[in-house]
Amino acid sequence: MFFHRKELQFHAKPDRPDPLYAKKLQEILGGQFGEISVAMQYLFQGWNSRGDAKYKDLIMDTGTEEIGHCEMIATMIARLLDDAPVHEQEAAAKDPMIGAIMGGMNPHHAIVSGLGAVPENSAGVPWNAGYIVASGNILADFRANLNAESQGRLQVARLYEMTEDRGIKEMLSFLLARDTMHQNQWYAAIKELEEQQGVTVPASVPAEWEATDFSYTLYNFSEGEEAKAGSWASGISPDGRGTFSYDSEPAAYGGKQELNPPPPYMHSTPPLQVKKL
Amino acid sequence: MFFHRKELQFHAKPDRPDPLYAKKLQEILGGQFGEISVAMQYLFQGWNSRGDAKYKDLIMDTGTEEIGHCEMIATMIARLLDDAPVHEQEAAAKDPMIGAIMGGMNPHHAIVSGLGAVPENSAGVPWNAGYIVASGNILADFRANLNAESQGRLQVARLYEMTEDRGIKEMLSFLLARDTMHQNQWYAAIKELEEQQGVTVPASVPAEWEATDFSYTLYNFSEGEEAKAGSWASGISPDGRGTFSYDSEPAAYGGKQELNPPPPYMHSTPPLQVKKL
Amino acid sequence: MFFHRKELQFHAKPDRPDPLYAKKLQEILGGQFGEISVAMQYLFQGWNSRGDAKYKDLIMDTGTEEIGHCEMIATMIARLLDDAPVHEQEAAAKDPMIGAIMGGMNPHHAIVSGLGAVPENSAGVPWNAGYIVASGNILADFRANLNAESQGRLQVARLYEMTEDRGIKEMLSFLLARDTMHQNQWYAAIKELEEQQGVTVPASVPAEWEATDFSYTLYNFSEGEEAKAGSWASGISPDGRGTFSYDSEPAAYGGKQELNPPPPYMHSTPPLQVKKL
Amino acid sequence: MFFHRKELQFHAKPDRPDPLYAKKLQEILGGQFGEISVAMQYLFQGWNSRGDAKYKDLIMDTGTEEIGHCEMIATMIARLLDDAPVHEQEAAAKDPMIGAIMGGMNPHHAIVSGLGAVPENSAGVPWNAGYIVASGNILADFRANLNAESQGRLQVARLYEMTEDRGIKEMLSFLLARDTMHQNQWYAAIKELEEQQGVTVPASVPAEWEATDFSYTLYNFSEGEEAKAGSWASGISPDGRGTFSYDSEPAAYGGKQELNPPPPYMHSTPPLQVKKL
Amino acid sequence: MFFHRKELQFHAKPDRPDPLYAKKLQEILGGQFGEISVAMQYLFQGWNSRGDAKYKDLIMDTGTEEIGHCEMIATMIARLLDDAPVHEQEAAAKDPMIGAIMGGMNPHHAIVSGLGAVPENSAGVPWNAGYIVASGNILADFRANLNAESQGRLQVARLYEMTEDRGIKEMLSFLLARDTMHQNQWYAAIKELEEQQGVTVPASVPAEWEATDFSYTLYNFSEGEEAKAGSWASGISPDGRGTFSYDSEPAAYGGKQELNPPPPYMHSTPPLQVKKL
Amino acid sequence: MFFHRKELQFHAKPDRPDPLYAKKLQEILGGQFGEISVAMQYLFQGWNSRGDAKYKDLIMDTGTEEIGHCEMIATMIARLLDDAPVHEQEAAAKDPMIGAIMGGMNPHHAIVSGLGAVPENSAGVPWNAGYIVASGNILADFRANLNAESQGRLQVARLYEMTEDRGIKEMLSFLLARDTMHQNQWYAAIKELEEQQGVTVPASVPAEWEATDFSYTLYNFSEGEEAKAGSWASGISPDGRGTFSYDSEPAAYGGKQELNPPPPYMHSTPPLQVKKL
C-alpha cells in the first residue's frame, strides 16, 4: 500500500522555460532507462520477491523513491513548457531560436498533454514494459539494476552538459548523486551475493548439465586477434572454476543444417519440383 | 563485412518433434534476452566503438558468435515443429496431449512461418530494438552485457528442466557453457575497467556537478528497516569515495509542487472558474 | 514523494494455485485497462495538474491507491503460480488438466519471471504508455477516467465468473467495490464540471471557430435508418445549444480529391508517362 | 460491405504548403485519438454489436463517417507537403524558416511516403490497435466514445490556434462541429442507457459479488485533505445506491505480503542460503 | 467519403462454435497480412495517389472491398465464440477438448471484447501501422500489394486445412478466390508499369548516380557456391541493362572502420586511458 | 556460423559531419525497409528454408551481405555525428543552422548512444520484427524480397537528393547498385518459380477449395469506373486460368449480419432490455 506526500524530494525549478530541453529531458522520465523504468523494475522485483527480507526492503525502498523521481522530472518538464511558442508561427520567419523550438519541440507537449510531461522518451516513443527486468533471481536482477543506474547516470551527465540553466543543473546534480548511491548499493549487494554463490548466474546449475568443454574459451569469430590480449583470454576465470583459453579458428560442431521438407498442407513451394530445375 | 559457413556451431537435433516446446524455445531466440538481442546489442556496440581495439575485437567476436546461436536455435525450433498436429483437429477430442498442443502452440508456427522459427518471444510478441543497449560508454555497456548473459543463462537453465528430450538438452548444455564464458569474459573486462576508472559510471563526472550530500544515503521510503542491516547501509561505499548512511525518515527538499495555470490557448479546464466552486 | 507500507490493501490469497487463471488475471494488471494503466494515468494527470487543489488531491489519492492495487494483483498472480507444472511434461499425456495448463499458461511466468507477475496483459503483450490519457483538460480526462473504471470493472466481473476459487473471488469483490467508488467519484466530478462549463469539451472554443451548420446533424452513412429513432436524432442537444437533425442522404462538401503530381526528386512513378498508357 | 464516393466530405485545401504543420496534423489522423482510432473503434463496436439495431446503426453511421475524415486529413497533409524543402539543404544556413522545416518535419514525409500522409502520430509513432475500445458493453463503450470525441476535439482546438492558414482553419472548423455532434450524440445515448441501467458499469453485477463496505469511500492516500471538499466525498452517490464517505487514514485489510519460496527448478537465488548472510 | 451497406459481401456462418479456431482466424483479420493491413495499405496508397486515375480507382475499389472483408471475418469470429466455455472451469478436468479450449483460446475474447473479434493477430498482438506500405511510387507499391495478397492467400490456404467446418471453409473459399483476383490484378498492373519503366525501381535514378560496377554481381558471402547455378548469376539481367556475374571471393572496398574518439562531454569510457591498459 | 572481417564492404566517409542527415539516414538502417529488415528477413528465410540448395544459398549470401550493409551505414551515421553541437545551446540564438540541428537531430544520438547509430528509423521508432517476412513459401517470400529492395532503393534515391555531401553520395551510389542487383536477382528467381508453378500463390490450392466464380472479377466499390480501362478488367488473367471481368454494381452474397445476444456472464448491456427503449 502506498502513500503520497505533497512535496517534491528535491526542487525542480528551471531558471526559464525551454521547450526543446523539455523534449530532451523526457528521456530520463520515459526512456529505456528513465525513472518509469527503474520504478517499475524495482516494484515488480519487490512484489515478486520470495526471499530474504533485507533485499526485499532495499528493493521496495528504492522503487518507491523512484516514483518520486518521476514526479520531480514531470514537474520540471511542465515548467520548462511554460510559454512555449506554439502560438507564434509567423514570428518564426524572423527568429531562429523560435524556429528551432517550433521545429524541434515534441508536438505532444503542445497538442496532447497541454504543456505537461508525457510518458514517452525523448524521441516521442511511449514507454513500454519490454524495458524492465524482474526474473526472480536477485543476483541477475541486481546486475540489471546496476546496469540501469549506470546507463541512467550516464544520460543525466550528458543532459547536464546540454544546458546552461542553473535550476535544471541543480535537479540533475541531485539525480547524479542518487544514481551514485544506487550504483553503489546494488554493487555492494552484488558483492555479497557473489561471495555466497559465485560469479556465474544461476548458481544452481549442476556441472553435469553444462558442456563444460566450451565454458571458458573465447572464439575468434572476427578477423584479427586483438581480443587475445585481454584478461578474458588467459588465466583463471573470475568464477574460479576454469582457465580462459583462446581459439583462433573456431570449429563447427553442429554439421550441416538440413531440415525435412514441409508437409503438403503447409503450401510451401514444393521442394521436390524445385529441385528438378 | 560478414561471412557465413554452412555448418552449425553445435548440433541442434531434438529426439522428437514437440510444438509446445518450440513455442517456449522462442524466448531465447526472440525474447528480451534472446540471441537476437545479444547479437544486435554486441554488433551495435562494436560498430559504435570509438576506443581500444582489444575491447572492440572482443565485442565483435562475441556478437558474430551470437548470430550463429540464432541459427542453431532457429534450426532446433524448425525441427521441433515437424509433424505438428495442425491437421488433426477432430482427434483432439480424444487425446489430451494433442489437445494441449493444439491449444498451446504458437499459431504463427502453423499459419505464418510454415513450421519455421519466428522472430518473436515465447508469448508471440515480435522482437524490438527497445531491448538493446549501446551507449558508447563501455563500462556501462559491459554491465548491460553481464546482465544480458545472466538473464539469458537463467532462462536456458529453466528451459533445460522443462524437457526430457536429450537432443534439446544437449544443445542447451552448449548454450549454458557459452553463457558461462560470456558472463566470465564481461566480468573480467569490467574488473579491468573498474580498476582504472572506479565503480561509478560515468567516471568523468566532476565532483562539483554532483550534490554529494545525497550520494551515499539509503532512504527508508518503505515501512520497516530490514534494509538497514545490509552492507549498503553502513561502511565505506564500493567506489571508495563515501560512507554509506541510512535515513529512517527521509525529508523532502523540493517544497510543494505548484504549476502555473496553462495559457488560454491550451483549452484546459479554466483553473480560475474551477476554484470558485 | 511516495511511501510504502508493507501491507496489502486487501487480502490476496487464492484457495489453490491455478496457472491458467494467473495468465488471465494479468489482464487487470498489465492490460489496456489494468491497474498499471489507471495508476499511471492518474499520476500523470496529477503531476501535470495546473488547477484547483481539490481535483488534484482527488487524482493523487486515487492514483496512489492504484499502485497498491497493482501490488495486490501481482501478489495474487505469484501465489496462483505456486506449484505450476512446468516440470511434468510427460505426465501431460495422461491428465487433460495438466495438458491444458502446459499449453495454456503464459510461458513468461515459467521462463522469464520465475513464477512472478509480469507487466503484460493476458495475451502476453507488454504494457505500454499509449494506453493512458492526461490532456490537461480535466473534464476530458475525467471522462477518460470514468471510461477506464467502467472497462476495468467489466473485466473484473467477467473474471469473477471464470473461477470457483473463493480466495480469488474475495479479492475481486474488493476490486468491484473500489471500481464502483471510482466510477461514482469521477461521475460526481464530471457533473460539477459540466454544470459549470457545459457538455462539449473543450468549453473554451469560441462559436466563430466552429462550422456550426454541421454541429447537430446525424449523417446516415450506413444503409437503413434505425438510428433516426434515437434521442440523438431529434430534440434539443444535451449541450443545450442546438437541435438534433437527421440527414438521410449526406452531401459531400469537399469536391474531388486531386493532388498535385509529386516533384521529380520524389522518384515516384512519373504520372505524365503513366497517363499516356 | 462498403462503398466509396470520390468526393471529400468537406474541403481540405490549405492556403499554402507547410510541412511543419503537416507533421503536427498527423496527430489527429494517426494519434491515440486521431481519426483512424475512432473509425476502427466504431467499426469494431459495430461489427461486434449483439444488441438493439438503433445503437448498431448509430455506431456504423459514425464509424463510416470517420473513414471519410481520415481521407480529408490525409488529403490536407499531402497538400501541406507540396514544395517541402527537402532539396535545399544548403539554403538552410541562411533562412531560419527553412532551417526549422528541415529540422522539424517528419522525415517519413520525405523519405518514406513521397509527400503523402502516413499512419503515424505527430511524433512519428505508428498507429496501433492498443488505442481502441470495443468491449461488448455499450454503456462502457459509449463512455469510451465520449472520451475519444472529447480528447479529439481538444486536440483540434489546439491545432486551430497553431496556424494562421485560413484553409486549414476551415477544415478544422468542420471537424470541431462534427466532434460537437459526436460528443452530443454519445452523451444522449449514455443518458438513455444510464436511466435504464443505472450509473455503475456493468449493471449486471449482483450485490453479493461486491464487497459493498468499500464501494462509496474515498481513501486519503495522499497527504492533505483538499479532496474532502468535493461532491464525491459526502452525500448520496450518483448511482443512488450509497452514501459517500471520506477516510482520512485508510487501513490495510490484506496483511503482510509473503510469498512461498520458489521451487529449486526456478533457479532463483536460493532464499534459505541468503537468509544466513 | 464512404458508405456502408448492411449486408456481408459473403456469408460467414460456421457450422458450430470453435473458440480455438476463432483465435487462429484473428491472423487474417489483425495480423501482418490480415484484412486490416490490406484495407489500410490500399486506402493510404489511394489517398496519397498523385497519378493516373485508373490506378487510383483500382486502388480505392480494392481498399474499400477489404473493409468489407474485415467485417466478414469479424462476424465469423464472433459466431465462433458463441458458447465459449469460459464458465466451466471445473469441467475441464474431465474433458480434454474443453481443456484445450480453456488453455488455448485468446483470453481477450473472453475478458476484453465480450465474445467479439479483436484487432489483433493470432498471437494476441495488436495490429500496428508499421505493417503497411504506401510510398508514392506505384510500381514499388504494387509489388508490396502482390506480396501482401500472396502471403494472405497462403495463410488462408493453411487455415482452410486446419478445420473440418463446412461454413468456415465456404468463407475461406471466397477469400481464396478474391486473393486470386487481387494477385492477378496487381500482377497485370505491374506488367504494364514494368513495360513502360523497366524492372528496377525507381526508374528515375540517373545512371551516373549509381556505382554500376556493383549492379549485377552476386557476391558469395556464404560458404558453398550452389547459388552460382541460378539464372541470377549469369546471363542478361531482367532489366536488360547488365550481365549477371558471380564473385566467389568478394573484396572489401571500404577499408578499416575507424571512428574518432568521442568528445569528453559524451562521458564515454575515455579511449586514451583505456589504450594504456 | 558467421565470421566478421574488419573491413567495410564499401567506404563510408562523409565530407563533413551533419547530425540532421544522420537522423535521416537512420531510415535505411532501422526503418521498415532498412538494412536490419532485409538482413533479418533473409536470414530467417534461409534458416527456415526446407527446399532447393541453390535458393537457400542465394538467400544466405544476400542476408549475410546485408549485415555488412548495416555496418557501413552505422559507420556513416557515427561519422556524421562527430562534432554535433549538443554543447552549444546558447549559440543557437544567433545561427539558424545550429538552431535547425539542435531542434532537428535525434536526441538519442546525443543522450543515449554517445554519437553512435541507433537501431531506430528516422523518426526515432525502434526496429521491430513485425516488419519482416519469412513464410516458408519461397515464391511468396521472393515477392516480399523484391518489394523490400524496391522500397529500399526508392528511399536511397530520395536520400541521395537530400544531400550535397560527396562522401555520402558515394556510399549511396554503392547501395543503389546493390539494390539494383538484389531487385534483379529476386526478379530472375521469381520468373523461374512462376514458370514452374504459375502466378498465383500458393500453387498447391486445389481448384475445388476455391469459389472460382469470384476469382477474376474486379468489383467497383468506389464511384467512377476509371479502373475498368485497365488490363486487369478484361482479357485473360496473368495466371492463364481465367478471364477478367468488371462488375459495376457488386452484389452482397452474405445477407444481414446478425449475432446472437451474448450470454449473461459477459455482462454486456442486456440487449433485451435495450430493445424495450
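Going in written order, the chains are labelled A, B, C, D, E and F, and every chain counts its residues from 1.
One rule holds for everything that comes next: a residue touches a chain if its C-beta (ideal position, glycine included) is under 8 Å from a C-beta of that chain, and two chains touch if they have at least 3 such contacts.
Not measured: the values here are computed from a predicted model.
Engineer: From chain F, which chain is the farthest off, judged by mean CA positions?
Structural biologist: Result for the farthest chain: C.
Engineer: Looking at A-D, A-B or A-C, which pair matches D-F on over half of its contact pairs by residue number?
Structural biologist: Repeat interface, by the over-half criterion: A-D.
Engineer: From the centre of chain D, which chain's CA centre is farthest?
Structural biologist: The chain farthest from chain D, judged by C-alpha centres, is B.
Engineer: Same or different, please, for the chain B to chain E contact, judged on whether over half of the interface numbers appear on both copies.
Structural biologist: Answer different: the two copies use largely distinct residue numbers here.
Engineer: What whole-number Å value describes the gap between the mean CA coordinates of chain C and chain F?
Structural biologist: 31
Engineer: Whole-Å distance, chain D centre to chain E centre, using C-alpha means?
Structural biologist: Spacing between the chain centres: roughly 27 Å.
Engineer: Measuring from the mean C-alpha position of chain E to the mean C-alpha position of chain F, what distance in angstrom results?
Structural biologist: Taking the mean C-alpha position of each chain, the two centres sit 9 Å apart.
Engineer: Show the residues in chain E shared as contacts by 2 or more other chains, in ascending order.
Structural biologist: Those would be 1-9, 32, 47-48, 50, 54-55, 60-61, 64-65, 68, 71, 75, 78, 86-87, 96, 99-100, 102-104, 112, 114-115, 120, 123-126, 128, 130, 135-137, 139, 154, 157-158, 161, 192, 202, 204-205, 221-222, 224, 250, 252, 254, 257, 259-260, 262, 265-268.
Engineer: Under the touch definition given earlier, write down the residues of chain E that touch chain C in their complex.
Structural biologist: Listed in rising order, the residues are 1-6, 47-52, 54-55, 86-87, 89-90, 92-96, 99-100, 102-104, 106-108, 110-112, 114, 120, 123-126, 135-139, 192-193, 196-197, 202-205.
Engineer: Taking the complex as given, what residues does chain D use to touch chain E?
Structural biologist: For this pair, the touching residues of chain D are 1-9, 30, 36, 40, 43-44, 47-48, 50, 60-61, 63-65, 67-68, 70-71, 74-75, 78, 112-120, 126-130, 132, 134-137.
Engineer: With touch defined as at the start, can you tell me which chain B residues reach chain D in the complex?
Structural biologist: 154, 157-158, 161, 265-267
Engineer: Can you list the residues on chain E that touch chain F in the complex?
Structural biologist: Listed in rising order, the residues of chain E that touch chain F are 5-12, 32, 53-58, 60-62, 64-65, 68, 71-72, 75, 78-79, 82-83, 86-87, 114-115, 125, 128, 130-131, 133, 135, 137, 139-140, 143-144, 146-147, 150-151, 153-154, 157, 160, 169-170, 172-174, 176-178, 180-181, 183-189, 191-192, 199-202, 204-205, 209-222, 224-227, 229-232, 237-239, 242, 244, 250, 252-257, 259-260, 262-263, 265-268.
Engineer: Which residues, counting only chain E, touch chain B once they are in their complex?
Structural biologist: Of all residues in chain E, those touching chain B are 20, 23-24, 27, 31-32, 96-97, 99-105, 121-125, 155, 158-159, 161-164, 221-224, 250, 252, 254, 257, 259-262, 264, 266-271, 273-275, 277.
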